[in-house]
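The structure is given below, and queries will be raised subsequently.
Each chain carries a letter (A, B, C and D) given by its place in the written order, and its residues are counted from 1.
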Amino acid sequence: MVLAERKIAYCTNYMDNRMTQHDIDVSNLPTIAFGSRSPLWWAEMLTIMMLSAVVATLIATYLYLRIGFSSWPGPDAVPPSLFLPTICFVVLLIVVAPIYSASKAAQRGERQRSTHGLAITFLLGITFLVLRFSAFNELGVRWYSGVYGSLVWVIMGFHTILTIAATVWTGILLGITLGQKDRERQQMGIQINALYWGFLALSWIPFYVLLFVYPAALMV
Amino acid sequence: MRIIWVALSLVLASGCRQQSPQLRVEPDQRVVSVMAREGEIQAGGSLPEVVVKNPYEGNAHAIAEGERLFLGYNCGVCHGTHGGGGMGLNLLAPALTYGDAPDNLFDTISKGRPKGMPTWGGRIPANQIWEIVTFIRSLRGLEPQTVTPARIEALQYPTAAGR
Amino acid sequence: MTTASPQTIADGRERDRLILQQAWAPAAGPLRWFKEVNAQVIGRRYIITALIFFVLGGIEALLIRIQLARPENRFLNPDLYDQIFTLHGSTMMFLFAVPVMQGLGLYFVPLLLGARNVALPRLSAFSYYLYLCGGLFLYIGLLSNTGPDAGWFAYTPLSGPQFSSGIRLDFWTQMIICTNISALAVAVVIIVTALKQKPPGMSLNRMPVFVWAMTIQSFMVLFAMPVVISAATMLFLDRSVGTNIFNSAEGGDPLLWQHLFWFFGHPDVYIVFIPPMGMAAEIISTFCGRPVVGYQAIVLAEISTGFLSFGLWVHHMFATGLPQLGTALFTAASMMIAIPTGMQIFCFIATFWTGRPRLDVPLLWISGFIATFIIGGFTGVMLASVPFDVQLHDTFFVVGHLHYVLIGATVFTVMGALYYWFPKISGRMLNSTLGVWSFWLSFIGFNLTFLPMHLLGLRGMPRRIYTYQPGLGWSNLNLLITVGAFILATGFFLTLLNMIKARANGKEAGMNPWKAKSLEWKTASPPPSYTFLDVPVLPSGGPSEDEEPEGVVRGFDASRRELLMTKVVDASPDYRHIVPGPSIWPFLLGLTSALTFAGIAFDVRWAAIGAVLCIIMLIGWFWPNGKSLTARTTWTTE
Amino acid sequence: MNCLLAFSLFAAVLPSTINQSALYPAGPQAATPYYLWNVFAWVFGILWVIVVGFMIVGLCYRGRATRISELAGEKAVATGAAFTAIILLALIVISSAIARDIATDQSQANELKVRVTGHQWWWEFQYQNGPADRFLTTANELHIPIGRPVRMEVRSGDVIHSFWVPSLSPKIDAIPDHFNEIVFQADKVGTYRGQCAEFCGLQHAHMGFLVVAETPADFQKWFNHQLDPSQDNLSAEEQQGRQVFLSSPCVVCHTVRGTSAFGGIAPDLTHLASRTTIAAALLSNTPGNLSGWITDSQRVKPGTQMPPIDIASQDMQPLLSYLDALK
């Protein structure tokens, strides 16, 4: 089984360097890429898959424990008010717009608009968190008062931690793009931040329905 | 570098006693009751001040055992399942009439108190009284936070009479 | 080493090598050990740390066996025994099995794809420090008597706040979260590397089988580990702040923990089973001198195993009184998964028949793997049938089955892979006579230990008991098993000895000691920090993936750390990704995250302080280093 | 020294006739898994020999005779996979069919109904046939008549345990706030040992119990005797022992019907002497073991919830004689 001695003995101390017709020249390939061409985009999508696995686990836990109860949310639990959670929900849906436009602007290279988009997203993120904390206080149940209370606090806590992370990340991006001249890598970062905010908004839909709309409908 | 080893061994030592169940019941944990401080007025010189130390101080296993005994011996019937009080004294009150030091609580349980607290000295073995004392102190927040249980599983014992 | 600066060297290749060496130089300075981001370095550390934890897990197993050697033995008191058997399970599953697979993946996936480094080097470094700190803290816990004592499965309500006092299980849950986040991080790194960094010409249907196996394993990790992380978090919240998720008195359900844990648990055992199948395929194709038979069959079988493994977790809970129809569905699923697994074994045996097998030490281990794994597979299919499982669930029959599958498949293959890839990692050959001795001692010791366990299970000996009474017909079998366990331990110890001895004065290995055709044997061993001088171009269109590279990729800016990103399916060059060089931030973030998790076990409020610290580390991590991405420098490889 | 003492303590523990093995089924429910074991052992044993035989031949005899073409290899793999699929489908059908017809929901007529409650590290049995006042509560020893199905309603008072008598019935978990049921029947007279099969804490290893299968007549005699409270005609020494018993901590946890001891969190001692073992089938019921168990329970069962009781040495003998009178 003699290995045909190919023209290129492929090893590190390879010396002669004649071009072959199969060689590929990549010097003209870009060093910035948006969307699925960049590994950072793939890393973010995989992270979103991970977090959606946690979301699915929490939904499954909620439904599994709900089945065990004849009256939901629990014999003495007061039905949750829909006012603040709905506002939070709307604000979260609104946040997706500026960050999406910032991401599109970043891809087109318009630094000005992408920075504006980031700033608006950051402010909306802060307002969302303020609303969310007031919603926490307004909840009729505590985390130790029965299963519904535990589930509400665990699920809202999980989502709030993710939103705090998103807001801080947007803040960091904003800080870097305002201060630094080299912003190509941050432009890629903006698009990935947009993906993350999109996931946050989408994941809040099932939670919003399960935690607030469904019990309120049952108790009406 | 040596300081790190010293600090590490301190952590290890402190952890050792706090988290492990007592599989041997030492003789001093079987002292029946704190007789030494019985009579304050004596003919001769005053008796030496004997403070009996709680052998289960800060031991997580003892607190869990104390909790089980508190439920099992139906202390909750008078003192409320979480010691919140009822017919009996509220154990979470800011100040207890007979004090909440370990030996005060031991005396209260082993010798009983007027207005209804029965004498458990002969009934409950001494080491179990110490465990109940440690549990009550953990209810009052006097035990380290790393050994206090977050909640009582509130499981009734469905034995013959149970559900 | 390079006195001559690049400009003075006339010849193009030598100049390229010098520039690449400078660009990809390992970290320098006092903290260089912590600033390393080279995939080979991180992969090597993963493997070594995982093997150390394997030795610790092995010692725990021997302690258990000494305690069970005689009836009513007083070698370990029940509390210490519970901690040791819990840590044996947790160490072997969380600290050895998954990390050693991911370590081998981090080391060899870039090499098999002809890439210079993984796509996200700092993320892989971060995951290693998180894993290292998680494992260390768990063992510090054991030494300070706060080792977990409710089993690696920690069923509630025993693991709940009322029946597991103190912070033992709080500490365990946090360390499980810590090590599983590191497993998730490596899974992301491996998927991105495998999908985006294939060399031109290596389209998706011609990727090496081991890279396929690591990709499929990483996708399973992506969907299984988050479930155990959320379950462990919920258990921790139940124990520390008093939520009622698993508290049956308030309407929670202890069975929910079993559902969540085993929904992760079963994919987890397949996570540690699929990479060994990939390694076995690589080793078999090298030692049979031909590509493995049925490449598509094996890859499709692994993909279907990956999906099916998420659908059969209830076979761990047949005895909990679930409705009969439900358990019948899971019986069917548990048995069906044996078909793809069986197909892969048949492909391997068919390769033996069609190729020219050279019975070298790695192939010896793989044949040991096939022989023992089939017994494990059969006992698994037996335990899948409900009427049989309710009799033998939680007995030593199951202990025998799981060790036949885990040691038979995972450990024997990892041993084979160590003998196969040790020359590439260290540049030295392992002594083959010592290897053969180690194999036969391990094989005999293994069967002497775990075959009688099936009989013990049938004689009614339950699992996880720290002692048993005389007169039940178990005493002599247990003594025989303990003897077998020591023989198995000596077998594995010989390999450890072999590795330590060979590192110092083993035979020089050279580039390709086994005359293998895959890409990792086309560079020096141990590979230099830039791994390959050029990214290869493979002839596309050929059926097997063992064709020789026919060209190289030119035009890289060699003075920067550039990786070639190619399209996912047809691997055509797409984009040059600039990866950052060595940086201290992954270590700092890994340490602060692990300390935060440890702090949370003591007091939940540590989460806030830890979060602030981690954010500071993240800011440092993402702060741009000022070098422009688009600017062109002068040193392009010709 | 203490391991010698401990070992001698247990040496003569159990009469050799007690067996806890699934390989000697003494009832229909245990016979099914035994039958399945035989089928599986033979089928998979032969398959293992075939597959490993192919591997060894392929590996060791590398001559021209045993070389096949790539296409033949793929065809062999296909046939192997098909063959595996057929066998597995057959097994699925068999085991599902068997599982369906041993389902325990339909209750037969002459069933003996017993409620089992698993506690941390002992078993509580309550016979629930007939009117409520004839409910018999006993612990750690279950007497059943042969030939009559016994429906066990299994639950737990604390953590998850698993009720399992290998020779008689498959296991069923005892889960707090879940009421699982299992029906089994003994066909042969004998004493069968069962043990908790789900890890439940420090003394999971010593949470055994005995199932005594006897003729219906013996069972009825035993049942009636167990129902009446502890008898009162005691000798002087037993009377003194009773006094010691009623003034000691035992009464807070244990119940002895006919006396003022009504503790609910420990085994019922009304007919302690009629049981062959104590401490959840760990020690045989001899005065020596009983005194060792009372005075130093942590040495016998480290971690057990039975506290060591200080009995004055002169009171020990009367107490033992009183406990011996609780036939």
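Just so it is clear, contacts are C-beta pairs under 8 Å (C-beta built on N, C-alpha and C of every residue); 3 or more make two chains touch, one makes a residue touch a chain.
The structure displayed is predicted, hence computed values, not measured ones.
K.L.:
Which one chain sits nearest the middle, judging by mean Cα positions?
P.N.:
Closest to the centre of all protein C-alpha atoms: chain C.
K.L.:
Using Cα averages as centroids, what's the distance between subunit A and subunit D in whole Å?
P.N.:
Those two chain centres are 52 Å apart.
K.L.:
Measuring from the mean C-alpha position of subunit A to the mean C-alpha position of subunit B, what distance in angstrom results?
P.N.:
50
K.L.:
Measuring centre to centre with CA averages, how many angstrom lie between subunit C and subunit D?
P.N.:
Measuring from centre to centre gives 39 Å for this pair.
K.L.:
Which residue numbers or ranges of subunit D touch two or more of the other chains?
P.N.:
If we look for residues of subunit D contacting two or more partner chains, we find 158, 176, 202, 302-303.
K.L.:
Please list all residues of subunit B that touch 2 or more other chains.
P.N.:
21, 23, 151, 155
K.L.:
Of all residues in subunit A, which are in touch with two or more distinct other chains?
P.N.:
Where subunit A meets two or more other chains at a single residue, that happens at 144.
K.L.:
If I apply the definition of touch given earlier, which pairs of chains qualify?
P.N.:
In this structure, the chains touch in these pairs: A-C, B-C, B-D, C-D.
K.L.:
What residues on subunit A touch subunit C, complex-wise?
P.N.:
Against subunit C, the touching part of subunit A is residues 1, 3-4, 6, 8, 10-12, 14-15, 17, 20-33, 36-40, 42-43, 46-47, 49-51, 53-54, 57-58, 61, 64-65, 68-69, 74, 143-144, 146-147, 149-151, 153-154, 158, 164, 168, 172, 176, 180, 182-186, 189.
K.L.:
Touching residues of subunit C toward subunit D in the complex: what are they?
P.N.:
Counting only subunit C, the residues touching subunit D are 71-74, 77-79, 82, 150-151, 155, 157-158, 163, 248-249, 254-255, 293-294, 297, 319-321, 324, 327-328, 331-332, 335-336, 338-339, 342-343, 345-347, 349-354, 356-357, 359, 363, 367, 370-371, 374-375, 378-379, 381-382, 384-388, 390-395, 458-460, 462-473.
K.L.:
Touching residues of subunit D toward subunit B in the complex: what are they?
P.N.:
Residues in contact with subunit B: 117, 119, 124, 126, 135, 137, 155, 157-158, 176, 202, 247-249, 251-253, 264-265, 268, 298, 302-303, 305, 307-310.
K.L.:
Can you name the residues of subunit B that touch subunit D in the complex?
P.N.:
So the residues of subunit B in touch with subunit D come to 21, 23-25, 30, 32, 65, 68, 72-73, 122-125, 127-128, 155, 157-162.
K.L.:
What does subunit C use to touch subunit A in their complex?
P.N.:
Going by the criterion above, the answer is residues 11-14, 17, 119-120, 123, 184, 187-188, 191-192, 195-196, 200, 222-223, 225-227, 229-231, 233-234, 237, 241-245, 250-253, 256, 259-260, 289, 511, 522-524, 528, 532-533, 536-537, 539, 548-557, 562, 564-565, 568, 573-578, 611, 615, 618-619, 622-624, 626-630, 636, 638.
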